[in-house]
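Structures given as structure tokens follow.
The two complexes that follow have subunit A in common; it is paired with subunit B in the first and with subunit C in the second.
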Partner chain A sequence: MSRLGYLARRLLLAIPVVLFGTSLTFLIIRMGPIDPAAAIVGSPDTPSAQAQYERTREQLGLTQPLWDQYVEFMTDLLLFDLGQSWVLSPGTNTYDLILTYAPRTLWLGFWSILIAVFVGIPLGFYAGLNPNTRADYLVSFGGIVWRAMPNFWLAIILLALFAQSQQYFFGFDWSGFVVDSEVTGAYQFSDITTSEGFVREFKRVLPAALVLGSASMGNEMRIGRTAVLETINSNYVETAKAKGLSTTKIVWKHVFRNALIPLVPVITSEAFLLIGGAVLVEVVFGINGLGYLFFQAVINGDLPLVASLMYVFILVLVGVNIIQDILYTIIDPRVGLEEGSA
Partner chain B sequence: MTLDADSDGPTESSANADPLLAVEGLRTVFSTDKEEIHAVDGIDFDVREGETLGIVGESGSGKSVTARSIMGLVKSPGRIVDGSIRYRGEDLVGKSEDELRAYRGGDIAMIFQDPMTSLNPVYTVGNQIEEALELHQGLSGSEATDEAASLLESVNIPDARRRLGEYPHEFSGGMRQRALIAMALACDPEVLICDEPTTALDVTTQAQILELLQDVQRERDLGMIFITHDMGVIAEIADRVGVMYAGEIIERAPVERLFAKPKHPYTRGLLESIPGRNPEAARLHTIEGDVPTATEPAASCRFAPRCPKAIDGCDRVHPSAVAVDDADADSAGTDGADDGAIDGHTVSCLLYPEDRSREWRLEGHRDGDSIDATDLEGARTDGGTDETTSRGADATTSRGAGKATGDDASADTRDDATNEVIDE
Partner chain C sequence: MTRSVGADDSTVTDNLSRRSFLAAGGAGAATALAGCSDGEEIDAGNGADEDTDVDGDYLRMAVDSVSSLDPVIIQLDSVGEYNIYERLTDHRNGQLPAEGNLAEDWRTEDDGRIYEFDLKEGVQYHDGREMTADDVVYAWRRMAESPETRNADDLLDTFEIAHERDDDGELVPDSLAVEAVDDYTVRVELAQPFYLTLDQLANISFAVYPAGVVGDIEGYDGEMSQSEFGTENPIGSGPFQLEEWEDGSHLSIERFDEYHGEVADIDGVHWSIMDDSNARLNRALNRNLDVFTMEPSQFDPDLLEIEETDEQGREFGTYGPLDNDEMVQYQSSEVLVSYYIVFNTANVDELAVRRAIGHVIDQHELAANEFNDMYDPGYHIVPPSAFPGGEDNYWEMAESDYPYGYAESQIDEARELMEDAGYGEDDMYELSLTVYPDSIWQDFGELLASQARAAHIDIDVQEAPQSTIINQAIEGTMDAFTLWDRMDYPGPDVFHRFLHPTPEMPQFTRISAGVDSEYADEAADAWEQYLDNRGPSDAEEQARNEAFERIETANLEMVAQLPLLHERVHRFVYDWVDIDMHGAMEYQQYNTVSIDDQP
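Up next is the complex of A and B:
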């Protein structure tokens, strides 16, 4: 029961975080150097332009008192009335824009987290179970190198390798492998449910996902190794051994679950990084995702779009945090103890 | 089938004479790049059904490594290099990990020092007990739950059924140790090794746990090895005692005799260090210095540098076990039918046998695994005396003595000790 109470508490605490983050966004946008009216009509240097500029300001509601603007801004966002784009694609609902761009980023983020988790953690656990062996050194060293490569650099290198795979991999043609696919460009989800479409899109997301997940993969590997080493030398594992349990059972039941505990915040904090890192990777691979959209919106002074995207990002971060808390309560029974007794 | 050890099999009464567990010449060595540490250096003991063997010694004397050697749980880079560990006649040394696992828990179970960290924090206490029940008694489902609850009750945990569903962090230290005892009992063992099970607990809880262990042992006729550094605990729980120092058992005796007539200067030191045993003394007695780390095979008495009674020769001759007759040794006669060395009182010290001359003793200890009077008579004549005296002359200029034994590591401390030698 106390664990449910703990979760409820975390959910309640998320509300002020969302409110604060959104308010901060408003403040930064309104106080910042971007003049949205000028972004739409250009700088007001002639009288007619000046008149149009004033008119636009009126239309956009920028002449109202700041306090009213704030209240309207907040209520609109909280009610998911995200408004329309002003500059990038005038008159289009922000909502529709996000719906178009978001799946690409989600597809990319999903695979980069998944690949990192399913490659990094097993490798790290393997290294931890076989410490100071050749395999361990290989994995640990590889992890450090892999993690040390910057996103943008790795992206370009992988792009080059995959695009000209015939030249680098003895005639192996990546683009024509299984199904035809290009290495760059936005993803097409129209036929994702068919196996061919799925394989094609997976092939396309793979290089970008490898790049985006590279840092997290290295982190998860190193922390997974340390966690397993620590757990395997713990007293309760010795107790389990003294009980006569088989190695398989000790490792899968007693070691792994405990070793996962320190990995939870690593995985979830990597999920945050994906949002920032995605911009770079999306640009290099030509994927028109949310990161790319956000970047364009900021450069062009498309304030409603920026605000809406910020709001979405805030919700995602808070959501990931809550997922992290849920994972904690599932894995570790000690979580929520203090709340329970309070 | 709650507390009935008999349910296991018909073997038991017939096997009474043979020891359940017999350890002989056990050596466990930790090898690092720099040095070899002889953590356990040739120890012998055995345990019979329904009997408690106490192993006592300071921190670092090799008690826990002994326990882990028996369980086959010595951590790398440690390994057993010599000796045998016979469980019901079957030698466990050299068995593969899989074969050893068959003995762990069900035959030999162990209770560890730190109850706070010895339970897995992410599983309920019930889960961890039922895991042992399933493995060793083939119980599962509600049967296992019932059995686990009755085990918890038998270790005096109230409201056992509710407690099964709780996690270790919801238990107090004493409760956790009880749960760990219940878990060891769930394996239905024949031998129970307790590695300082009460050290981490407060005094009142200690007494309860000791009492519980005694009850459990009596009910199930367990052979128990009880490891501790606490002489008071030993007095309470052990039938026979082995005193460990730097990897060796330096004195062994039935518990009453050890407390009444301790022979080894180290044992005497330990007993004098018990508060309240010597009320007229103004200050509590202590043994100066620390247990040395044995990095080389024993070529001398490892206690000599700290020994108040060290004689010339302690730094050159490694003492062997000597059977010492206590004046009132009639009790030894009663069950001395099997090996006298097991039930009797032996001490590894160059001061014994007390009725022989120093040279005789040095020669005897140098030669033998155990001192036998007839052997010694012969050994004495063949020129050994010359060697002893010439070496002895060296030793008076104490620096040479340290080198003669090749033990440079502790030469400094030894110098101090030899300067204070009471030469006979």
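Up next is the complex of A and C:
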């Protein structure tokens, strides 16, 4: 089967997953304890508020049979008619809200993956190539420590350190370093193309990205080390050595590429973690991204927003999964495209 | 750019005086400005600069969330909606009583059932139009008729403007008895007199804006969609106009130079939108906020020095040093918010239990230990500044008449009461208490549960956020829960309407069953007395206040709602800002604020 056919098959298989996920979303939010009408009207404790509560229920379609609601819900989602927010930002299209909040999460996610990859993997590989040396112990120990620090704790500590850097770093003023930047708050992308804007936003994303990437950085270090150790002792590397290939060539052509294979799912699975794990970091740093929006929508009973975000998350997860499968076939041609050949 | 040589020094040498530090910081800021060769930094008002740094003299604050700027949706002032929109009346600086604002003068007829307002002439909106009486009619009609409205009950409930309903009980469009007599006269006919009409009209939902901006009621085509009006283009007559609002990031308003009153000194106000109190505090410590608040867990009473308390109970003083070594101005005010335990009397129908819990709780200790004295202890449902007879009467009555121990926990009395009712160590009364999902309230619940155990009450503490508490309350599944409520206007009836039996509405905070008729009848009778005396005369006021006192007393006897706390707002203000503290109504206009040498 061609790679294109493989992709098509993957996409086709994704459809039932998406349908199942959205149906489950519908069930959970409709059957859950949150009454969206009460969330909108507040406490319906006066006669006119009570009347308004009933009217709101009708307006929201909550008085229709559940099956009709389900059909409407599914068709709307599939046609990308995501509706309007009810509670958080009444009258605003959820589409607009997502477009406003998503870039912040993407910016944070991008750097937390990148920092983790560019720090974690090289260190892990270095440790793997120099096993049981002092450097290896240092890296491994560091990896465990990074891995062990819980995000909520690390986030608060880093926020305090960066926000009040003058107290903790002998007068070093992080906010005024290179360009003026604030530590907390949502990112501003209006001037991200200028060098000053880019540096400023990079400075602002750094503490949060370190926190969010910390666990994966540790993971990648550990797995990278193990993968290199495994590959380096394998027969084909022995063969390559016996053929008299240079160490550089062995490392870069044989060890490195093969050691990457176990790292692919680790890196892609971080994309999933970022969606769930970003909430905490976003709240602590006041970033107000998608995760925060989702959390707020849930606790405020803003059901259209919850449903739309769930739908987007499901699409992203399925998409990342497909990308992961494709990456596999590129890095490791042995991963079969044919059915049952692997 | 390095601006803060002085600031760095001051962290090392603590004894550097605050003044000289400020001077150093200010000089640093000035150098920073001068060092900016392109001069962009100085250009404040054109909105082109979306940098997170706020340039120019912007008052910088933080807010947890913003939902809409359409007055038919806004329910609370969070980001200076009161600076964008104005009403006929106003609580100047959030202080009681209400005064005329867009209305210069008014007359009442028919014992306060009809109001005729003379509007101020020459009031200009942010879009250049001039205010007329038609705008009042339009804006209030939208509040009642717009499909988007969430504030219809503000003029169709306790405060009721006369109107017609069709056979289905739906409001007849354009039937609201608000009439533009001429360009500058508005006549309002109430369904019945209401003693706090002027206060109610000061509510944000009664904001006046140009007729026809949104065409969501009959008779108007509309110039923009409701969504645009509510998010991008609100038009009012206030001292500031919306500059920019980016969802989940920031909202800023800028000075309106054609304002009919005192034109603001500052260029605008900027709110960072962040939900987490820790993030907000760090932003403040970073000197990126000028005025900020704290959670009880962040507040250290030992750092506070109160220098002055005014006759409205507002406190002024200093607080610090903060973690960044700065001393800040401190100001606080009581606001019209009460916290209490609501008993679902149908479930907890044993009076002894409700009273015993009252004996166990020490409101003073709760305020001091759990809330670091940031909230005031509560011994009545109605907060002191809205209490009949005023603050003095509140505390006098509390000290002399509160039946369950003023400023003390009476566990022995509670146990005695329960034993008399037939409970004992082997036969405990079981109930669940639902509290807010907040560590302070959980602590409170746990402490109460452990103390109540000695009085043979087994309390199971559960937690639920406000949105599900409302739902569970409607369904009547809870035994007791903590609740807070805010008064729209400073009238005890806002809270008292829930304190008499309403069997026809057996839901939410209302008393339905399980209350001795002795107290229930007394409360119902007192409520009738209030309903009969809602007019403006002194005799009516006296009868009304008496009714309110009777309801408070009956409630304490039957313990339908057990008062716990009244909220105070505490503000911390850096020295470079000169801002007055708002009063009990919790809002203010920022056109009198001045800023000097902001870092």
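Simple rule for what comes next: the second predicted complex is superposed on the first by the 327 of 342 C-alpha atoms of A that agree within 3 Å, B and C clash if a C-alpha of one lies under 4 Å from a C-alpha of the other, contacts with A are read in each partner's own complex, and residues count from 1 in each chain.
We take it that a contact is a pair of C-beta atoms (placed from the backbone, for glycine too) under 8 Å apart; a residue touches a chain by one contact, two chains touch by 3 or more.
Fair warning: this is a prediction, and the values are worked out from it, not measured in the lab.
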Simultaneous placement of subunit C and subunit B on subunit A, clash or fit: fit
Which superposed partner A:258 touches (first subunit B, second subunit C, both, neither): first
Touching partner for A:331 - first (subunit B), second (subunit C), both, neither: first
First, second, both or neither for A:243, with subunit B first and subunit C second: first
Chain touching more of subunit A, residue-wise (subunit B, subunit C): C
Distance of closest approach, subunit C and subunit B, by C-alpha atoms in Å: 47
Shared subunit A contacts, counted only where both subunit B and subunit C touch the same residue: none
Of all residues in subunit A, those that touch subunit B in their complex: 233-247, 253-254, 257-258, 261, 331-334, 337
Footprint of subunit A on subunit C - complex, ascending: 1-4, 7-9, 11-12, 50-53, 65-68, 70, 73, 75, 147-148, 150, 152-153, 156-158, 169, 226-227, 230-231, 246-250, 272-276, 278-280, 282-283, 285-286, 288, 323-324, 465, 467-468, 470-474, 497-498, 505, 507-510
Touching residues on subunit A, where the partner in the complex is subunit C: 33-35, 38-52, 59, 84, 87-93, 97, 100-101, 104, 156, 159-160, 163-164, 166-167, 171, 173, 175-176, 179-186, 188, 190-191, 283-286, 288-289, 292-293, 296, 299-301
Parts of subunit B lying in touch with subunit A, wherever the complex brings them together: 71, 73, 75, 97, 101-106, 109-110, 112, 114, 117-124, 131-132, 135-136, 167, 169, 180, 183-184, 187
